[in-house]
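See the structures that follow.
The same chain A turns up in both complexes below, where it pairs with chain B and then with chain C.
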Partner chain A sequence: LINCISFPCPFFAVYQVFESVAKKYDVMNDSMTLGIHRVWKDILMHKMNPCPGTLLLDVAGGTGDIAFRFINYVRSVRQRQLQRKLKQHQNLSWQEIFESYQKDKFNSLGDSQVVVCDINREMLKVGKQKAQHLGYSEGLSWVLGNAEELPFDDDKFDVYTIAFGIRNVTRIDLALQEAYRVLKPGGRFLCLEFSHVSNPLLSRLYDLYSFQVIPVLGEVIAGDWRSYQYLVESIRQFPPQEELKAMIEDAGFFKVNYDNLNFGIVAIHSGFKL
Partner chain B sequence: MVRCQQYPPLRALQASAALRRASDEHRKEPLTSSSQQHFDSPPAGHQPEQEPQGPHPSYTGLGGQESEDYESEEQLQHRILTAALEFVPEHGWTAEAIAEGAKTLGLSVAAAGMFHSDGSELILHFVSECNSKLSKLLEKEQKLVQLGKAEKKPIDEFLRDAVEARLRMLIPYIEKWPQALSVLLLPRNIPSSLNLLTSMIDDIWHYAGDQSTDFNWYTRRAVLTGIYNTTELVMMQDSSPGFEDTWRFLENRVADAMTMSNTASQVQSTGEAVVQGLMGAAVTIKNLAGLNQRR
Partner chain C sequence: MGGWHQLYPGHIPTSPLQKALLAAGSAVMALCDPYRHDMVAVLGETTGCLALPNLRDKMKNHPEGYRILQERPRIRLSTLDMARLQGLPDGSLGREYVRFLEDNKVSPDTRMPPKFVDDEELAYVIQRYREVHDLMHTLLGMPTNMLGEVVVKWFEAIQTGLPMCVLGAAFGPVRLSTRKLQVLATELVPWAIRSGLNSSCVLNIYYEQRWEQPVESLREELGIFPPPAVPV
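Up next is the complex of A and B:
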């Protein structure tokens, strides 16, 4: 499957990794991170705090975790908005209330949309099946595309997210430039990714867990030791927080900062196209 | 969680600068922001393009089109917050109002993510804007007095007018102001909000002609802060036409403060007199008891 485990893997090897793990992706995420990845993604969504009407591009978002969370969030914000509006409409006639209901009934997302873009057809397929299974229909699109060369026009999206995907991109600077290109002025770039733990004790425990436990889990659950060995090594090779921040600034983003989650195991980087 | 803030060298904000160029072209009116320089408008018929340059301001410009047209992040944030104030009566002091403000500037709604989600920056921005407006107003009045075009007001009237002018600036936002007050009391915001409050009170006393260098300085500021805060709270639940109940309350409090200072000096002199009387009585008793004799 993969010949070069310890060297930076080229494009096709990455593709094959995700092709083989696509079906077990979610299960592996849960078992590797003991379910904490859900909390990380929730925190990402809270940080984004999208309002209805936001257009989100989720790159490398294969199985749709971020996209579904976005839809839930926007839906609840929209609900609160509508409730507030109704409270202000205390003195309207029944006819007017009925009309306002009609108008907003078909707008439960407030025109928000999310486009899920992934390079891997298998991951998209799993995502679409999940969406159908969980009942997500409106506001979602699935597009096949490469993060280094996005099939979208300039200045289109309000928010660009890439959760646990930028690690797998061969030319990170190109991906950042593409992110800059497709974002509207004022748009936000958000990146959720494994990063470096600076605390020495924690770092040793983390290394132990990563190299001893994760590939074993990979073999037992997904039947694929090498992919998960690759995963753990790619995490170690990924630039640390400050370096990634500098790269994001080089692409032209402003107000770049990062938040460490779990002492640096995961970091959320944020930047604005101003 | 570790947060890292960056203070980069001032670079041209490409996207927002291009947006402003575009809106300038369409509206053909000068920007009001004072610290920005205008660029020479491009020859008519040219649509400004979004140049995908590197992040360095081009002072020599491409073909003479760009000059020193750049603003810092702080200036852009300032503009967004000012634009957001218009949406506060509808959305409250929230990230939604900021998002709407950003939309009017042509930016994406995601730009509201630059600010805290509870709207603190918006409120602090508003308070500091009101304080500057008050300073300008007081300065103008002072100039009129100096030029002899107006009478110098007595202290209580001056204080009353200053506090009333400042509180009137809250009227357009009065419905959502209680929410703003509670946000200003969050521990995170207390240093900044306290700072703004004390500098405003300082300003008012300065223009009132206060030049004290003793303990009076503190008492005067404490008294005026008390008056301002209580009047603000009264204004929150005042439903009389034109807020006349509030202004009457203000008048009474200022009058109280004036009498209080008179009373204070009276108390002091009375206290001194009483003490002297007691001392005299004590000496007399000692004399009578023969304890003052020297043997």
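Up next is the complex of A and C:
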């Protein structure tokens, strides 16, 4: 039986949920998924495989998990690029090598940039604090915005990601249209989200865990049963893999496909703007 | 998972498994983070399934307790006439209660409403227990420091049988200094136990109708022995 908590309007409900969960968001994610959400996000980044110079828009990026991974990834790719360059300079003097290294050192991200966009001020605040704490500053910006009406020009970004955020958008079709609009031609859409488990036995175990354990974790860790009850219910109401694929295609994307992670508990959908 | 049969505002229906998980989780969290008063409340609600009906029956079978169950009085700043209570003579319940609130800088409005009790009358009983807690402090003459709270918990454990009180009484002392533990063990706890056993049920007193009554007289009526003359 799935019953929705009655709120005055769905948009306000979602906003309030994330206002109260912002500070405990990361702790709750680790507790609920036993840390596995980190692996899912790593897989997303590997699928993206960004090269230095990429301009990424991470929507509903709140506390920065995707943004930080992106920065780490392009930094290490850049590092390897620089090392390869240095190897080519085998016949230069030490002075020349030192100078060329210095020049590139100040461009450790290779002009890559990530814009984190979230509708919720509290989540952005937590994200900025995390960035400061972990030492991320270069190539990172934080923008308050609504996925259904993005504050960006057309054809701006190379990649658009939305990780565990599209589920909370009231009009998914509008969010997909906006994603299409702000991506450059050739740009890629990537969505990481809870999806549907088709295996019946696993589905029952998953339901049992979701409904019996997750709200309890929410109450004990975050003092907030209702928000996590909402989370579990919203996962079940979200379109399954094929339906979401069709919606992405409707927004104009091509070569849309999806990968199931953990038997469909989570899925990564991908599409291109051509 | 239970259906959404909300029995009272704020009620969250839970399955037996959820209650068990909540009880375990809240117990651990309450011990790890002493500032999580909400966890102590949740623990009380999820483990009180035997003690609460007992308390309710004690109230039902007592004329004053029965009236309380019918009229459902609430102790809140909005319902208390603080000015009147302050004007009462020293030694009266009302005057000493207000003095207690001021000295310890507490308010009756910080009590958590119940969420996980699956009976609307029992939800009131636990709410009443929480709201008269400050009056327990007043009757026992105990401040809201760690030592005072532990003493009140021992008294409440005997009186109510709530597992949460028993746990609080048992684990509360771990954070006390040796000197305080000594006072606790030799003087305060024995007195709290004797008073708890001797006293009639403290939830059967309609406190709101007895503000003028002297504290000593109310103690005698209930059967609470005078507190030992030790600094708390």
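Here is the rule we use: the second predicted complex is superposed on the first by the 265 of 274 C-alpha atoms of A that agree within 3 Å, B and C clash if a C-alpha of one lies under 4 Å from a C-alpha of the other, contacts with A are read in each partner's own complex, and residues count from 1 in each chain.
Assume a residue touches a chain if its C-beta (ideal position, glycine included) is under 8 Å from a C-beta of that chain, and two chains touch if they have at least 3 such contacts.
Nothing here was measured: the structure is a model prediction, and the numbers come from that model.
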A:135 touches, of chain B and chain C: first, second, both or neither? neither
Touching partner for A:220 - first (chain B), second (chain C), both, neither: second
Chain B versus chain C as contact partner of A:50, first or second or both or neither: first
First, second, both or neither for A:200, with chain B first and chain C second: neither
Contacts of A:211 with chain B and chain C, given as first, second, both or neither: second
Contact breadth on chain A, by residue count: chain C or chain B: B
Contacts on chain A seen with chain B and repeated with chain C across the two complexes: none
Touching residues (chain side chain C, partner chain A) in the complex: 1, 3-4, 12, 15, 17-18, 21-22, 25-26, 28-29, 36, 38-39, 42, 115
Complex contact set, residues of chain A against chain B: 47-51, 53-54, 81, 154-155, 158-159, 181, 183-188, 241-242, 245, 249-250, 252, 254-261, 264, 270, 272-274
Touching residues on chain A, where the partner in the complex is chain C: 1, 3, 211-213, 215-217, 219-221, 223, 225-226
Chain A-touching residues of chain B, taken from the complex the two chains share: 1-6, 8, 11, 13-16, 18-19, 50, 52, 54-55, 73, 76, 95-96, 99, 102, 105-114, 117
